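Quick one: this structure, given as structure tokens, is what I'll be asking you about.
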Amino acid sequence: MSSFLPIEALAPQLALAAGVVAALLAGMLKERPRGLLRAVAVSALLAAALLAGASLPSAHPPLLRLDRIGLCWQELFCLGALPLAVLMEEDEIPVALLFGSVLGMGLLAAAGSFLTLFLGLELMSLPAYLLVSRGRREEEAREAGLKYFFAGSTAGALFLLGMTLYYAASRSLALAPASGPLAQAGLALMGAAALFKIGAVPLHFWLPDAYEAADPEVAGFLSTSMKAAGVLLLMRLAELAPSSALARVLPAFGVMTMLAGAFLALRQQRLQRLLAYSSISHAGFMILGVGAWAAQGATGAGAAAVYYYLIAYLFMSNGAFAFLKTSGLSTRAQLRGYAQREPRLAALLAALLLSLGGVPPTAGFLAKLLILWETVRCGLYGAALAGALAALVSLGYYLALIRDAYFEPAAGQPPPAALRRHSSGERLVLLACAIPSALLGFFPWLAGGLAGVLSGL
Amino acid sequence: MTALAMALDAAFTLALLLVFSNVNRWLGPAPRHEGDGQLPYETGMPPIERAEGSMAVAYYRFAVLFVVFDVDLAFLLPWALSRPVFGAAAATAMSVFVGLLLLLLAYLWRKGVLECKR
Amino acid sequence: MAIPGGVPLLLLPALAVLLAPVLALLFGFFILRPAAPRRTHLPILLSCAVVAACAVLIVSRVYLFGEGFDIPVAHWMVAGAWSVSFGLRVDGLSSVMLAMVAVVGGLIHLWACEYMAHDEGFSRFFLAFHLFFLSMIGLVLSNSYVELYLFWELTGLSSYLLIGHWYHKASARRAAFQAFMTNRIGDLGFFLALLILLRVFGDTRFLTLFRSLKAGAVGDPEAVTLAGWLLFWAACGKSAQFPLYFWLPDAMEGPTPVSALMHAATMVTAGIFLLVRSWPLIGGIPGLPAAIAAVGAFTALFAGVLAGTRRDLKRILAYSTVSHLGIMAFAIGLSQPACAIFHLVTHGFFKAALFLCAGNIAHALGQPSADLDQVGGLRKTMPLTFLCFALAAFSLAGIWPFAGFYSKDAILDAALAAGGWRALCGLLIGAVSAFYIFRMLFLTFFGPSPRQKGPAHFHEPGALGTVPVLFLSLGALSVGWLHNGFSTMLSRSGVPALPELSSRVTLLGSAAALAGVLLAYVLALGLPKWDWEWRERRPRLERWLAQDLGVKPAVAACAAFVRRLAGILGQGWDKNIWDRWFIEGWPPAALGLGELGQELAGGGLNDYLWWMAVAVAALLYGALRL
Amino acid sequence: MTALIYSTTILLFFLGLAAVVLRRQLLAMLLGLELMVSAVNVSLVYLAGLFSDAQALAAVLIIIAVAAAEAVVGLTLIIDLREQGREADCSALRELKG
Amino acid sequence: MSLSALWLLPAAAALLAACCGRQARAVALGAAAATLGMSLMPAWAGLDSLSRLSYAGPAWFYGIRYSVAVDGLSLPLLWLTAFLTLIVILFSWRGRFSSGYWAAFLALEAALMGVFLMRDLFFFYLFWEAALIPMFFIIGLWGSANRRHAAVKFFLFTFAGSVLMLLGFLVIVTQHHLATGVWTWDMELLKSPRPGGALGLASFLALVVGFGVKVPLVPLHTWLPDAHTEAPVGGSVMLAGVMLKMGVYGFLRVAIPFFPELCWRLLPWLGGVAAVGVIYGALCAMAQQDLKRLVAYSSVAHLGFCLLGIFSRTQEGLAGGSLQLLNHGLTTGALFLLVGALYERGHKRGLSDFGGLAGRAPWLTFFFGVSIFASIGLPGLNGFVGEFMSLAGMMVRLPVLALAGVIGVTLAAAYALPAFSAVFLAEPGEGSVSAMISDLSALEALTLAALVLPMLAIGLHPGPLLALLRSGVGGLAL
């Protein structure tokens, strides 16, 4: 039985599936206690995270291949989804969708063949389209959901085409290296799908609309877990052929994304859209990290740099979007003079923004440092310079936000959404995200530990 | 040999395509009314929106549900054919699969999605 | 005679000379100034007395027993092998200067008590005055160039404070800043010379420097030449030689004791002292003494002519000081440093006397300085001042028994010996200086000419006002007779002795002086209105002379140019071009780029997918091609 | 022979892509999506037959199921849009931009 | 471990001050005094035993190691930081500031102490950048008119320089790893195999730009006048007093030891920029109408002297240059305190806004006069010693640069004295606020006396301080 049905290999995914079932059952109950759904959500995610942390399974069931990178990334997905689970409104449909999405990511991480890769890709995207379209602002949410759907499905289709081309070259669906023009073209197409998921520049147009229209916490989930899944997909593809055309073009994509993301965010007036473009800029750093990792033959340390970047970004981005949800602000004008009204929240915002900007001693600084270090190690000096420029430009608008919050006098009435009391859950998530992102820069041992874990693969 | 078959098959499909999309124009009467012929009689009002309205939304919901449950059939077929080979393991797998579907059906019913109100 | 441990007994008075003023200043500033400002001058006068006593002791021991020492006292700046230290050097030259400074300074301190009695900045004045006194003493006793530079700058600071003493007057402030800046420009040369000497010799102590110069062990001869010229430039700055003299006449804005002590007797002579002190260095440089002689002669004549046309009493004396400094430089140029120092001492006495007399006259009028129109025929109402003024005037003109005669004729003798243009200049200088001082004497003290107010309300100053003047004028009379004492003193400090006076030289010198006196008599008393009439008849000439023959506008133009350059650089370039365009230009450019990018994201789903297709095509092309 | 089969399927795929990119109505774009997936399925089935690889055929089945799910989600979103009374048309989706 | 306490204590105090509202001021004073006390302790333990105090933690990640040490160069700078922080806290004691103000200054002190303590490039960079955050808030929240623009410009300008510097560090560390196969970020170990050729030059130039922005070298200096003018009193004192020193400290600690022969080969260029800075700063100062901008530009000139001394790589030049660091801290600190006092009383900074203060505020005039004369290098005060030794050092190497330095010294008087006479001696013109200017309070006079006395002491007897500094920087001499 175990040989056919891979119980321990898919333990985290099974936990999530159980979560879906539990959510649906809870939904069916007539009078259910208030916090039940949230409890279900959090407990299922924690269970999945713990199970993912368990030791590597010995047997390799068909279609699956679990390795250290896969496990670590599963941890990442569950952690990334936690804030959303806590902040979501009491409705079983989004909870189920969330579990579906995280389950898809788990599959992607444990994929041993292209089929599971595609299944994971689609299974994580479909619920995401629905989550986006359930945003509070009906009008924009539906439009963003649709845009995200069509762009995502096209990317899925492209992935499929790439898969078949690669299949034509490698004659089997397993994740095995293959050579020849067909394989290169296949990899390129699949790479395009992965780059789409991360939000690389020429393929990024859906991202600002989706992040702006979705609820802040959903956008947080998208920007962390979804992006991590995209990065993992890209790493899997780069791992197949480290010297392939895709791997060689990645640094260029990274630089383009970093710079465009930074420059486009300068002029934004709506906060969520600004954070969307800033997430594009951070995606550029991740792509550069993967490119540098691939250029060094896809070994351990490079992956640690990307992984640490994702962890740091997880805390920063979830924190920033959680702040938007807690404070109810939507445009930069409303941010003016916020520090006078809410000094504590403003302090957390400042810590998060400085961390996003990459100013020491924040986690963002160490993350950017590790990526730039890897880039310098593999000799891409131009890319490192572009990274420095992007960091500088992005710091420009982060500082502008802090300036608006702290140095400007409060102008006019705060928006109605900002007046309601902050729930303890919101404050907890905000603290849980802001504190680590502010101080992780101090402790490079965390990155050290990761390198150890990842290089053990 | 199969190349010839393929070519014929391609040609045949193309021919069918052309015929079906143009047969009414060939057989039907030439469109006589031109210009103000389109306008309603002298007392009628010009139409506000296109003639064919949209199908009632409820019907779409049933179409979607049908698609969801019908596709699962695609998985039952190979399972049925290969059941003797895998035996018990396949049985439990498929029962879990069907169980989930039933749970989904129960949930939909509970939520009142299946009633057909106007 | 030395105390055990090889330290000469003479070190004690030398240290006392330095410590007394320091203690007086500290006590005055921290205790008396807040508590009893009107009595700050008491500790200062006490320290003047101590300094005078020690100075006399030192001079006598050096003159009688030929003692002297050059001892480093403490380390100042040390960095590994490189080091600069404080030290004291007492030899013939420094003891002579110390004596002159102590005596003249002490007398002027006394005189100032009465003159500044009811000035509201009384304590501030005396503290700054005594700070100058301390820095002058330090300058004279220092044993290395760096230490000399320290006290040199301190004199500059105290002259800034003292000229600008009545700071509510805008002209005083401007004069103070002008004095400080001009000295500072001179010090630029001194600073550079220090650096060069440090680089070449590694140490600026006179002892070691001159010993290696004498031994010819000079690493870099052109550097030493440059250092010599720079030292001359510094002396020009401090001793008001031609290019940098314009600050001295304006320095008359300060109270009279300041003008008397600093801008006549001591501070301005610091430059000459520097040249004489570094004579072994300067003497060896080809062409430098000749240049010094030329500049000195030109300054003497130039200032003498100007002194002859001024109307304000203190301005005349100021130009006369510039002229006499030119004479001293001329003497050094004739490689007679001993004459220069001798003339410096005599000049110190009679110029201080003249200034104090002018001060008494102005004090009687209640103004800071008197004008020729306001005086005239004062011999009737101020006989004592007339007597002192006459004595000093005769000494300045170089008439026989007076001090000025001995020092001037020594220089004339050297000039005649050198022959050529130097002799001519020597004679001319004698005549010019006699002319302007007697013109001033006749116009002030003899028959009030029609244009003058006359001696109506003048009166003699109090005891404190006249006694110091009397002493100084007696000094102006008698100091000359000690000239052989001087030459023995100076010869001990390695400076060639004074030449013997030949009768031919005395005859020629007195003739030149008498010619000047006669001319002054004719113009001042013969044609009483002449002085005023030529101004009305030739106003253009008057204005040209008033502007120091074009030097003042030139200086103003230079200052304006520097200020405009600063304006262009500071405001124009730095703020408006470099900062606004090159530095603060980047953010708007980035914002513009961001704006451009935003147009791209038009919101249409088809455009997004179109971009996506383009990107995929590019990736495919890259994959197949690369 | 394989080249011919393959080129037709890729041609079909790019036709679908063109439909998605060029057409304005959302439903037409949805159809384009389904066309793309089915074109891939055809080529996958053909290649599976060529390499006689059973796993690829199973993959086709799963891809069909996924495509169905995709269609369902697409339809739901478009129905939602129509319920709001807005045109199921690309030009209607211009709200979010910049 | 006691050295780490030097930055841990202010950091902890900053957190404490941020939380407790009213007693923040007392916490700040206590912490600043304690830090000063602790920083003085190594001196009592004897100067030769300084190396014993260093501490190096375990290597964490690819050579990054928390290691702190103190030597002849960083000890005086630690004293200066602690001393100036205490002075600033005392000086703004009566101002009604929120707890954030005191927390910001303590955080700033913690970061600055960290910069001078760290011997590991990673933590050096971390503290180097962390110092920007508190200063950004100090300028932004408590600055004057257009503080917002100045704060953002200050942060971005310096961050740009520092990011370039970070790339330089990364290249050095990576090349070191390529050459020796060992990962390390330690300043001592990284000295041996240096990246040569174009890469070495590129990374050296990155370091020069990174440190040059902070020093500031002339083309990169335009953030300084804005930041100084807009910062509050305490802010500009700390900015001019200590933060400018980080740049020169960077040259002494990182740039020169890592690229000694490059430094030697590029001496004409580096010395030239410093000399231009001296003259440019003086000329710009002459054109300013605002007191704070004038003092800011004068800082550009003074730090030009430090660099002239340091780049000369002679015993006296290095000692003079590093001494000039401390001198500039004292003189410019005092000047900014005084200008701040004037601004607090009269809310004006223009030269023509005052006049005739000598009669009205004698102590203010006295302290301003001494500081002005110290800053223009009057012998007997501290400015002269630093400038003289720096120029003596540079004269040995490149006389033309020493000439530029001497011209700078002369120009210093040209901008300082007219300002002094315009504010203190001239008659108050119309629209002048001299009527509102009262003399210094006892506390303010005490703090300024604490700054002026060392000026005189260093001016007359710099011996021991020079010996201490030389023990730190002597090794760089050629």
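Letters are used for the chains, namely A, B, C, D and E, taken in the order the chains are written, and counting of residues starts over at 1 for each.
One rule holds for everything that comes next: contacts are C-beta pairs under 8 Å (C-beta built on N, C-alpha and C of every residue); 3 or more make two chains touch, one makes a residue touch a chain.
Only a predicted model underlies this, so the values are computations on that prediction, with no experimental measurement involved.
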item	value
If a chain touches chain C and chain E alike, it appears here	A
Those chains which touch chain E and also touch chain D	A, C
Farthest chain relative to chain A (centres taken as mean CA coordinates)	C
Chain closest to the middle, measuring from C-alpha centroids that were averaged per chain	E
Farthest chain (mean CA position) relative to chain D	C
Among all chain pairs, the one with the most C-beta contacts	C-E
Chain B-chain D separation of Cα centroids, rounded to whole Å	15
Euclidean distance of C-alpha centroids - chain A vs chain C, Å	78
Geometric centre distance via CA averages, chain D-chain C, whole Å	98
Centroid distance [mean C-alpha coordinates] between chain D and chain A, Å	26
Sites on chain C at which at least two other chains make contact	587, 598, 601, 603, 605, 609
Residues within chain A bordering two or more other chains	146-147, 150, 154, 208-209, 396
Where chain E touches two or more other chains, by residue	156
Chain-to-chain touches, reported pairwise for every pair that qualifies	A-B, A-C, A-D, A-E, B-D, C-D, C-E
Complex contact set, residues of chain A against chain C	146-147, 150-151, 154-155, 158, 181, 184-185, 187-189, 191-192, 195-196, 200, 202-203, 205-206, 208-209, 244-246, 248-249, 260, 263-267, 393, 396
Touching residues (chain side chain C, partner chain A) in the complex	587, 590-591, 593-595, 597-598, 601, 603, 605, 607-609, 611-612, 614-616, 618-620, 622-624, 626
Chain B residues touching chain D - in the complex, by the definition given at the top	2-3, 6, 10, 54, 57, 60-61, 63-64, 67-68, 71-72, 74-75, 78
Complex interface listing, chain E residues touching chain C	153, 156-157, 219, 222-223, 280, 283-288, 297, 314-316, 318-320, 356, 358, 373, 378-380, 384-385, 388-389, 391-392, 395-396, 399, 402-403, 406-407, 409-410, 413-415, 417-418, 421, 425-427, 460-463, 466-467, 470, 474, 477
Residue ranges of chain D touching chain C (in the complex, touch as defined)	17, 20-22, 24, 29, 90-91, 93-98
